[in-house]
Amino acid sequence: MQKQQLSPKANLSLSNIVLGLWRLNDVPAREISSLIHDGLDLGITSIDEADIYGNYQSQKYFGRVLKEEPSLREKLEIVSKTAIVLPGSPSAKKGLGYYVTTENHIVHSVEQTLKDLNTHYLDLLLIHRPSPLMHPEMLDRTFHKLLKSGKVLHFGVSNFTPSQFEMLSERMETPLITNQIEWSVLHVDPIYDGTLDTCIKNQIKPMIWSPLAGGSLFSGQSERAQKVRKAMNEISAELGDPPLDQVALAWLLKHPSGPIPVIGTFQKERVLSAAKAMQLELTDEQWFQILVASQGHPMP
Amino acid sequence: MQKQQLSPKANLSLSNIVLGLWRLNDVPAREISSLIHDGLDLGITSIDEADIYGNYQSQKYFGRVLKEEPSLREKLEIVSKTAIVLPGSPSAKKGLGYYVTTENHIVHSVEQTLKDLNTHYLDLLLIHRPSPLMHPEMLDRTFHKLLKSGKVLHFGVSNFTPSQFEMLSERMETPLITNQIEWSVLHVDPIYDGTLDTCIKNQIKPMIWSPLAGGSLFSGQSERAQKVRKAMNEISAELGDPPLDQVALAWLLKHPSGPIPVIGTFQKERVLSAAKAMQLELTDEQWFQILVASQGHPMP
Amino acid sequence: MQKQQLSPKANLSLSNIVLGLWRLNDVPAREISSLIHDGLDLGITSIDEADIYGNYQSQKYFGRVLKEEPSLREKLEIVSKTAIVLPGSPSAKKGLGYYVTTENHIVHSVEQTLKDLNTHYLDLLLIHRPSPLMHPEMLDRTFHKLLKSGKVLHFGVSNFTPSQFEMLSERMETPLITNQIEWSVLHVDPIYDGTLDTCIKNQIKPMIWSPLAGGSLFSGQSERAQKVRKAMNEISAELGDPPLDQVALAWLLKHPSGPIPVIGTFQKERVLSAAKAMQLELTDEQWFQILVASQGHPMP
């Protein structure tokens, strides 16, 4: 598997597919190490985490592997996220989830993340959700401090609208080198709402969460899911019967924004299958067949 | 009360709270002078007017005070607006309100405003509503003429979408240094529709009309108003029982865009209360509690 | 009739009204030549075509006229379009229309267009619909190649959202000098959705398709069509009884974006009538009367 530079503004490349650990709590502890190694064998060198994953526990599980095998760290790019406060966490006494982007919260979150992960640095830190209270200058100062201390090498955002991204990137000196967004054959909004346009315009590659629509691709019973599955089955037959997850990923990968899917499956054969999607190429006609099936109306 | 510079592009500062005179017709003439003086005593030096307020009469009432006490003028920053033609006015013979942004209309409106106000200049003139017929070059020429003649010192807009603001500011040489918009705990659209993002991106501070939702904050019976009031009451109890108007203003003031509320109340104790909102600081959690109560769904 | 330069970025002017040939199949072959000459006599020098018009046949009909009278070519500006694949065409085997913006498709389409038209060059080539798969660098390379070979002199787009336009124009060296969009008194979205703002901001004049709402202006029975017709009839009476198509075009022409309507009628008297719209000037009040009738609510 090749690597892709996220943006000409920064020297960070991720593997074409990223392993997402948000459901790491479901994995028996003894299997986590081989999960990472299986990924590495396929060329998947990039790991997606967040402080809140697994109710603040995911990074600790992953960190044990890094502690047992410290030489792993340099083979990996580790992405983590900050800004969300989960309901039930010590800072959320009112049963309400919210966002914090103060220097205090971000620095504290990163330090806890580094401690949990048993590492000295993150390759990439993302603002997990756009907070209306984000203050560009303060955020810039915070990021600069984290960069200077060596704790975080690069910065980006997640789930940002075009307007939020351009506001922040215009007013910050720190380059924001990705926007991690939800996108799949069952969720095509980013194609039309400017999100992907804004990535291309600003020369950043989007990371994609739920690139397989959380599995509803295979089992969803909505009319939409059934139509999309029918189109993908037809296309699969035309392409020599690759599994549907490969077709769904190949659909994303054909987009000129250069998307980097984050896959959350921990079954080795599924990861292997996903990796093969890199070799699968849809025709323009096949690509639009899936889009039309998903959006429910023909192209104008 | 401190002052805030509206934009690094211009040397104009307004008081942190602005007194809006759109309902000045309701005030007995003999009380207007003390209203202005009461504001000044609190540090409220900025006055918000428009040619059309009070069916074109508000500025005349205010102007009488300025005539009686000419030394007031230099202690104040006066903001006015132009572009709306009210139904029933001499230029609207069809019973239809509309907008005009021609040089002729704007210059005439400003001259009438100066005459009504008994002053030689406006500190800030706003295009009251975005007209689809605005012609940036012509507007630039008009503004330049008003600036050169000393009749208007600074320019801005009101009720503009991001797209309208960026179109105009991109194609005009005259800096547009504010966008006066509606925003309150009961009207949170500007947070999500790009309006506030665009202010931050363009380094202008928004002026806010109806920052207390026209009073429906205190008496509104909609489910939304009740939920927001409940949240604000809870927060008030946490903060030592400030009145709800202070909580509602403090909610706006926490936003990084640096909003400047225009308050339309003429009761001295309410103005005093509003001024105290500057000292009230909400926690992030309290801020989001109000947002969530207003939008009716938790943060994603 | 005068000509208008589409953008300061390029040396191309179109006549104030453009003749659209998408329904040329309906015209008896022997009448096409006089149709073009009638237009020329009125100063309509610009022709709007597309590879797909008339199920890929329109350009051939027009091309026969250019073959019979080669001296016509230099008197005309010819606009054509590419990127759409019609259902039923050889490249669409699945009964599904879609878009292709690959170098191969565009170059092939342009070469077929030149052959059909019996000309060596297009004055302006538009991407007919925004494809999500547009790759700015590849498109730039393709356009540069067409420009260098002399096959296409200028480039633009059609039916693009603001976000799509700014993405492409930001990342391409080739100037995009128009966006051909749908707009009429019965379809006022471009006024509010940023489309026209983006034209002004980027200093391009929009070309307008269906500027008379495909005739439903005159015969539509919807409440909206009836209200708009009523307003236009009243305004016509105020202006000395010009026909409604002139009022509808004059409404567009008053907009500061400098729109260039593409009219699709082939009746000489209708073309003549349209040309006269250039002389008709609506007042601001009349302009808003039509807008308000169409949008169904007064100006705020």
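Letters A, B and C name the chains as they come in the text, with residue numbers starting at 1 for each one.
FYI, a contact is a pair of C-beta atoms (placed from the backbone, for glycine too) under 8 Å apart; a residue touches a chain by one contact, two chains touch by 3 or more.
Computed from a prediction, not measured in an experiment: that's the story for all the values here.
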| item | value |
| --- | --- |
| Rotation angle superposing subunit A onto its copy subunit B by C-alpha atoms, nearest 5 degrees | 120 |
| Equivalent interface positions on subunit A and subunit C, same or different at half | different |
| Between subunit A and subunit C, centroid-to-centroid distance (C-alpha), Å | 41 |
| Residues of subunit A touching at least two other chains | none |
| Subunit C contact footprint on subunit B (complex, rising order) | 85, 91-94, 96-100, 102, 129, 132-136, 138, 159, 161, 163-164, 166-167, 170-171 |
| Touch list for subunit B against partner subunit A, complex | 162, 191-194, 196-198, 200-201, 203, 254-256, 284-285, 287-289, 291-292, 298-300 |
